[in-house]
Amino acid sequence: MYRNTKKKVHGLLHPEIVGDKHWDKIINIFIVILIILNVVAVILETVPEIHDKYGDFFYYFDWISVIIFTVEYVLRVWSSNHDEKYRHSLWGRLKYMVSPAALIDLVAIVPSYLHAFIGLDLRVLRMLRLLRFLRLFRLTAYTKPAHMIMNVFRKRKNELALSFILASFLIIIASCVIYFVEHRHPTEETSQFRSIPATIWWAVVSLTTTGYGDMYPLTDLGKVLASIIMLTGVAFFALPAGIITAGFIDEFRLTRVKKTHRCPSCGEPIELEDNNNHHH
Amino acid sequence: MYRNTKKKVHGLLHPEIVGDKHWDKIINIFIVILIILNVVAVILETVPEIHDKYGDFFYYFDWISVIIFTVEYVLRVWSSNHDEKYRHSLWGRLKYMVSPAALIDLVAIVPSYLHAFIGLDLRVLRMLRLLRFLRLFRLTAYTKPAHMIMNVFRKRKNELALSFILASFLIIIASCVIYFVEHRHPTEETSQFRSIPATIWWAVVSLTTTGYGDMYPLTDLGKVLASIIMLTGVAFFALPAGIITAGFIDEFRLTRVKKTHRCPSCGEPIELEDNNNHHH
Amino acid sequence: MYRNTKKKVHGLLHPEIVGDKHWDKIINIFIVILIILNVVAVILETVPEIHDKYGDFFYYFDWISVIIFTVEYVLRVWSSNHDEKYRHSLWGRLKYMVSPAALIDLVAIVPSYLHAFIGLDLRVLRMLRLLRFLRLFRLTAYTKPAHMIMNVFRKRKNELALSFILASFLIIIASCVIYFVEHRHPTEETSQFRSIPATIWWAVVSLTTTGYGDMYPLTDLGKVLASIIMLTGVAFFALPAGIITAGFIDEFRLTRVKKTHRCPSCGEPIELEDNNNHHH
Amino acid sequence: MYRNTKKKVHGLLHPEIVGDKHWDKIINIFIVILIILNVVAVILETVPEIHDKYGDFFYYFDWISVIIFTVEYVLRVWSSNHDEKYRHSLWGRLKYMVSPAALIDLVAIVPSYLHAFIGLDLRVLRMLRLLRFLRLFRLTAYTKPAHMIMNVFRKRKNELALSFILASFLIIIASCVIYFVEHRHPTEETSQFRSIPATIWWAVVSLTTTGYGDMYPLTDLGKVLASIIMLTGVAFFALPAGIITAGFIDEFRLTRVKKTHRCPSCGEPIELEDNNNHHH
């Protein structure tokens, strides 16, 4: 009976492993909604007017959430050794506790206890509850797109890393050039381009095309050079977009090709690899 | 004769269903131009100088438009049961009246009557006449591209939804990080980053690379973190662009492949599915 | 002899038609450089300091250019009936004179004469000399890329037009929404969002992600709605980029496929259409 | 023995040529880290507070780096004639010394000596040590992506050049139009759009969608024209992105196709050129 209860609890808390029964879904959706509400609460609590007015409400809501998350965490750890991977009743559970998913769950509840019992105010860490939101990706509808996006980033990680190194290069070179041109601007008493690190901020803001307008070259030469830099930046910052797009095209093609086709004349299955078709 | 008139009226108002006769086109183009002029009128009326000078003109133009739209609406409802889908003389017409297209047509005229007879000023809703503009997509030239764009969004809706969830994630995380770094900035009396919701506005403006310049980090650490966030944002906000581009490439390929090819050896037509050709 | 001279002159001025002899190139490059210098002169002349200092120089440079362009124009018209298309000695030449290329050449010289003889100051039209710059695309290196880019825009003109109609839609809807939310902002004496046309300027600046910072929503609701609009804009303004990219991929593929391949076993040429391979 | 030492030294300093032995890597990584630290030092030295506090440290760090780089440079030149290309003991070494890689290495050390011995302060040139950073691309992980990115730019250089010429065109035309509309703006005492070169700065900042907000049209006509220009710019500045993306797709396809496939019927390897497979 004890085993059965554990199996049941395990199934309820891991709907993606065991099945799609009714209660799993309700519990899972309830937890996801509670996480979203917690994130919203942390965000709204920082608004002074809302904090002054509904401070008590946020306090109680936080404690109710922590208690629910604690119960869920304890049940997860207890039922974890139902899983093949964490079979041993002690080491298996400890192994589960140090898994990333379990650590994220722990981090979401510990700060509140630390604050209540030791007085250590780490409630800033409550923002880490946001990480629990990642479980959303285990939901059925987003499994495939999530894998696809991850695949694109994983397969193209070298190209993407290199394009970011090239972007950093452009940022550093642009900063040096503009700094040496602008930092002794005569008509302004104190130039905004005081140092290269300050100019890097300008370069990042300009090359990502954000352009706050807090810093911009004032000398003619600075404007000419900044124009060249910004036009070059259009091509350089198109690199990651191009790599990601090419990656998606590959992923979509693979999904399409994976389906087995049959030869219309003899009915035998044709295996298709890439976009090359082999038939007899 | 009554049936024939109805058929004729139905044909005139639904040129895309019945045919491409001369009068259909004239009526349809007249209605589209009238809708565009209405939208332009609503836009221009909000300019105080124009409103003061041409107020009467706008008033009469609005009433003439409403009367024409009303006549068109009544004729559409009356002739609607010519259509197979709305066959019954009463229920068929009611069914037509609750169809989205008919509701949009109704919403375009009701506010003016409410204002004239009950005094209820819902003329703001006149902007909804803009929605009638959507009928432009039924015109021949835009049918194919409109289907293509809709297909791209429909087939890739999960990927696009996920990329927007990821973007929201980045926005929330960026807001939390920058808020905790910036909100106690010492040299400014009142930091712009008063709360996380206020910082979300900064994050959206920065990550979409709009960068109004009303808010930007002032501390050194804030600038370093904002730089990292903005560079990461380049990759994250390239995701929807990449998905849409890959979707268009698929759509263009499908259009190309749908044309029947012939086997060069036996001359029989080859049906092509995706980009794989099966022949014997 | 007269014919031969005409043929020679025609060849010298139309190197892309007749051949790649030595003098053609020199004359052509000289004219292109003169056009570029003219454009640079018109640009620099607007700088007050430069105009005051080098005004005379610009005056003489302009007249020398006009005389050279006039001689070139007269020779082009004279030799035009060497071409098969403009065979007749009078009508052929007149036909040539109303061709777009010849009109652009005429427009580049007429304003200076009008100013000198009639006193009509249309020298602003000198900027139209910029259009003569378009002949650069007839140079060998850029013929293929120019055709490619033109093909992309031409073949996808319906999709691009539709994506701009959709963008206009988003701009108008965004302007209406933000206008109604912002135009009575209480804390500012005069809201920037005075009318819908004024708000359209905001919408264009925001949705193209330029973000000058002269206008931005100040109310909380306005910021929330503007955030949604800007995030939606990321997807909508990715449409033209996606269509253009997909068009380039098609063009590159076509260039690749056009080359005839030979079957490695039997040596016979294999004609490849699209990316489908037919062999025996 | 002398030859052996030279071979060993040559191997240690050119790990990408000879092999992946242990010491090569350590030396190479040490040099790369030293270069990065030098770049960081040059950047930080420009911050007045840091320079005042750690000036001595930077001074000594610079001299230690220069000595290490000098030793490395001398050893490289000495061992260079181990290479087949620079076989001759004098001319070979001189030939090596004028190779771009060796010149970059020289430029990184000469300014410090010039300053110390002649008093010529060219220490600005120390920034050129950044160029030595390019050797990072010889590291194994980035060889393939670096080749890929270079291939994309090299193969599509004509298309990219043309798209930048078109962008320049749009910038010049936009500047002329907006200058003539804005430069006599009545309500502002001195319009920002003083001359066409000043307006070109506006056009670059606007069309790259940076939008600092230091200049923007103030007249109604100027805003209408600027809106049209910015919307056109979305399509024009999508050209380089489209070309780069299409180039990446080609490169990824080539990598995929280069792997040899086998014919499923006869088992013989099929050589694939582009995406067309020929088999018998």
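We call the chains A, B, C and D, going by the order they appear; numbering starts again at 1 in every chain.
The rule we apply is simple: contacts are C-beta pairs under 8 Å (C-beta built on N, C-alpha and C of every residue); 3 or more make two chains touch, one makes a residue touch a chain.
The model shown is predicted, which means the values in this text are computed figures rather than measured ones.
Shared residue numbers account for under half of those found at the interface formed by chain A and chain D, and the copies are therefore classed as meeting with different residues. When the CA atoms of chain B are superposed on those of chain C, the rotation angle is 90 degrees to the nearest 5. The greatest centre-to-centre distance from chain A, using averaged C-alpha positions, is reached by C.
Note: centroid distance chain A to chain B, computed from Cα atoms, is 30 Å. Chain C has its Cα centroid 42 Å from the Cα centroid of chain A.
Touching two or more other chains at once are residues 197, 200, 209-213, 241, 245, 247, 249, 275, 277 of chain B.
Shown here, the protein chains touch in all possible pairs. The touching residues of chain B, counted against chain C in their complex, run 39, 42-44, 46-48, 124, 127, 130, 133, 136-137, 141-142, 144-146, 148-149, 152, 160, 164, 167, 197, 200-201, 204-205, 208-214, 237, 240-241, 244-245, 247-249, 251-252, 256-257, 261, 263-265, 272, 275, 277. Of all residues in chain B, those touching chain A in their complex are 158-159, 161-163, 165-166, 169, 172-173, 175-176, 179-180, 183, 194-198, 200, 206, 209-213, 216, 220, 223, 227, 230-231, 233-235, 238-239, 241-243, 245-247, 249-250, 271, 273-280. By the touch rule above, chain C contacts chain A in their complex via residues 209-213, 245, 275.
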